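For clarity, chains are labelled A, B, C and D in written order, and residue numbers in each chain start from 1.
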């Protein structure tokens, strides 16, 4: 706990310094959402992001494989026809559900691709905030055991 | 009893064939899904991060002689890196040995930079001097990407290495009776969901030799061919093959020569 | 001159082929090669539990390291001899029990761990069965080096013959096929008797998902 | 010091496709070392991307993002745009690399 607090303090100090020296503006720092990333369950994270219980929307597409050959690298991407302001990727069965979140300024496409770790087969959620409202889609990704297993 | 058993087994076999047809679909779709997964991660190979570091290390003075590796002769003349990896292993007159990329780089580090090869041999993979070696390998093999694999056995020592490598490929040992051939001598086989190339044929050898060194997503590491072979032997439950030892070079020679005509796709991106 | 030579050769081959005299050339087991032996001795070092004695081959390993000969007609008697050596080493269960717990068997079948130089002496060795075989149809990640075992007893029945044959085959597959790719599970004590009973159950218990 | 990133930016029809590879272990905090002790989490937490000094992308990662993270996004831009990518990790280390849209 102490350790955590210290690193958090250090963290804010770095941000503060960067902001004050004008390296990044306060608005764009979008300070790392500690509470959201430490939220365990989907609901924890939904609540912290202010997403409540987001509506399933066909306007949101999650690009992820049906089977991942290895859980250490699972490619995930979000595309949407909505005008996204914010997007998030959640893995239901990971120890902390939120994997990553993104802030999309005007002029940037509503599209992102990254790679995440999955401990086991799980539902993966793509969340998109557009016009102040959260939308989502879900897909199961199977994580397989591979190789010789040693 | 013997006859009854045979009969039982025969019926079993027929029945197995019947169930096999029903499982073929599931098997096929899982394989297709894995192919899709590989396609999705193909763009953005983290090997690139190692290549950049390797290029710096190639050009940076180091070792007791404070020299760069820029005059290293990888077989195409001093300082020629482009295309060199596609023609390794090969015989080198100055050492009077057949060398693979990594053993040759050790020679260059020793001769040009004054470094002790034993330190490299003894270092664990991914750490210390090996970490530098791995980055340099990433840099060198990238400069052969797209070239045809072209390995010669014209020199008697090259031919001898090839023959020794072929024999080593089939050499069984350890508590599981494994040889390289246990997994890599038949077409269309897989271990779990991973396809196993048949390295005894050109096509399979090119699929194996042509894609290593590679970034392995399961370990998040860039693996040289020496590390790849090392881990094969670990999984075969053999003792530890010494870094740059003749068995590793002989096997490389056998694989590379069999793969001749295939394309260098290194650095690959593997599970 | 070279060309005429070739033509002559072709003619001779053609003739031999035509009269059906072509046979596989007489094969002998590959000779002991001191150069090769030295390479193997010099190239490995002991690490952790993996000692250098692991590359000392027994008769079966030596024979199977030359597959061209091992699969030839000339080697038939030798194959039978190897199979007999391995058959004779098989022991039936000391408690007379062949079938254990299929749920444990599934766990053993899933694990491919153990016996490498990164393992400890007390690391439990897995059966590694799924590496090469399809077993429970729900597991999609299975290998194809060995035959599918899905529906094993449903297809073959639960007779004493099938049970004994399966026991023997798991204990030492080389009793039936001198150069089978399958490790000799009991010979090298990869699994103990109880673990083999559990794997047996995975294949032969009517309640196992394999037979559903 | 942190290792350099690879940043690639290609313009096509008024859209710049940005692909970033970052060199980072992204330690999850779930793994144990040989002695059985948990290896503490250590990961890139924020990413900021600017084109000609203006924000085009902000991201936040948790420890579940893969080792050597990859990121791909697109923005409306032009050839010659100066792109600057900055990440900061959970220990406060940071790294900035630049690229020009081609």
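In this section, a residue touches a chain if its C-beta (ideal position, glycine included) is under 8 Å from a C-beta of that chain, and two chains touch if they have at least 3 such contacts.
If you want to know which protein each chain is, UniProt gives these names: A = Thiosulfate oxidation carrier protein SoxY.
It should be emphasised that the depicted structure is a prediction, and the values quoted were computed from it without experimental measurement.
Chain centres were defined as the mean of their Cα atoms; on that basis the chain farthest from subunit D turns out to be C.
Just to note, of A-D and A-B, the chains joined by more C-beta pairs in contact are A-D.
Once the centre of each chain is set as its mean CA position, subunit A and subunit D turn out to be 14 Å apart.
Subunit A and subunit B, compared by their mean Cα positions, are separated by 36 Å. Here the spacing of subunit B and subunit D, counted between their Cα centres, is 30 Å. With centres defined as mean CA coordinates, subunit D is found 48 Å away from subunit C. In subunit A, the residues that reach two or more other chains under the touch definition are 67, 72-73, 115, 144-150. In subunit C, the residues that reach two or more other chains under the touch definition are 116, 118, 130-131, 140-141. With touch defined as above, residues shared between interfaces to two or more other chains in subunit B number as follows: 30, 191-193, 217, 220, 234-235.
Contacting chain pairs in the structure are A-B, A-C, A-D, B-C, B-D.
Partner subunit B is touched in their complex by these residues of subunit A: 63, 65-70, 72-73, 75, 115, 144-150. Per the touch definition, subunit C reaches subunit B in the complex via residues 30, 33, 35-36, 39-40, 42-47, 50-52, 54-57, 60-62, 64-67, 115-118, 130-132, 134, 137, 140-145, 147-148, 150-151, 155-157, 159, 161-162, 165, 174, 181, 183-184, 188, 190.
Across the complex, subunit D is touched by residues 3, 7, 10-11, 13-15, 18, 23-24, 28-30, 32-33, 37, 72-74, 77, 91, 94-96, 98-105, 107-109, 111-119 of subunit A. Looking at the complex, you find that subunit D touches subunit A at residues 15, 26, 28, 30, 40, 45-46, 48, 55-67, 69-77, 86, 88, 90-92, 94.
On subunit D, the positions that touch subunit B within their shared complex are 3-6, 19, 21, 23, 25, 66-68, 70, 72.
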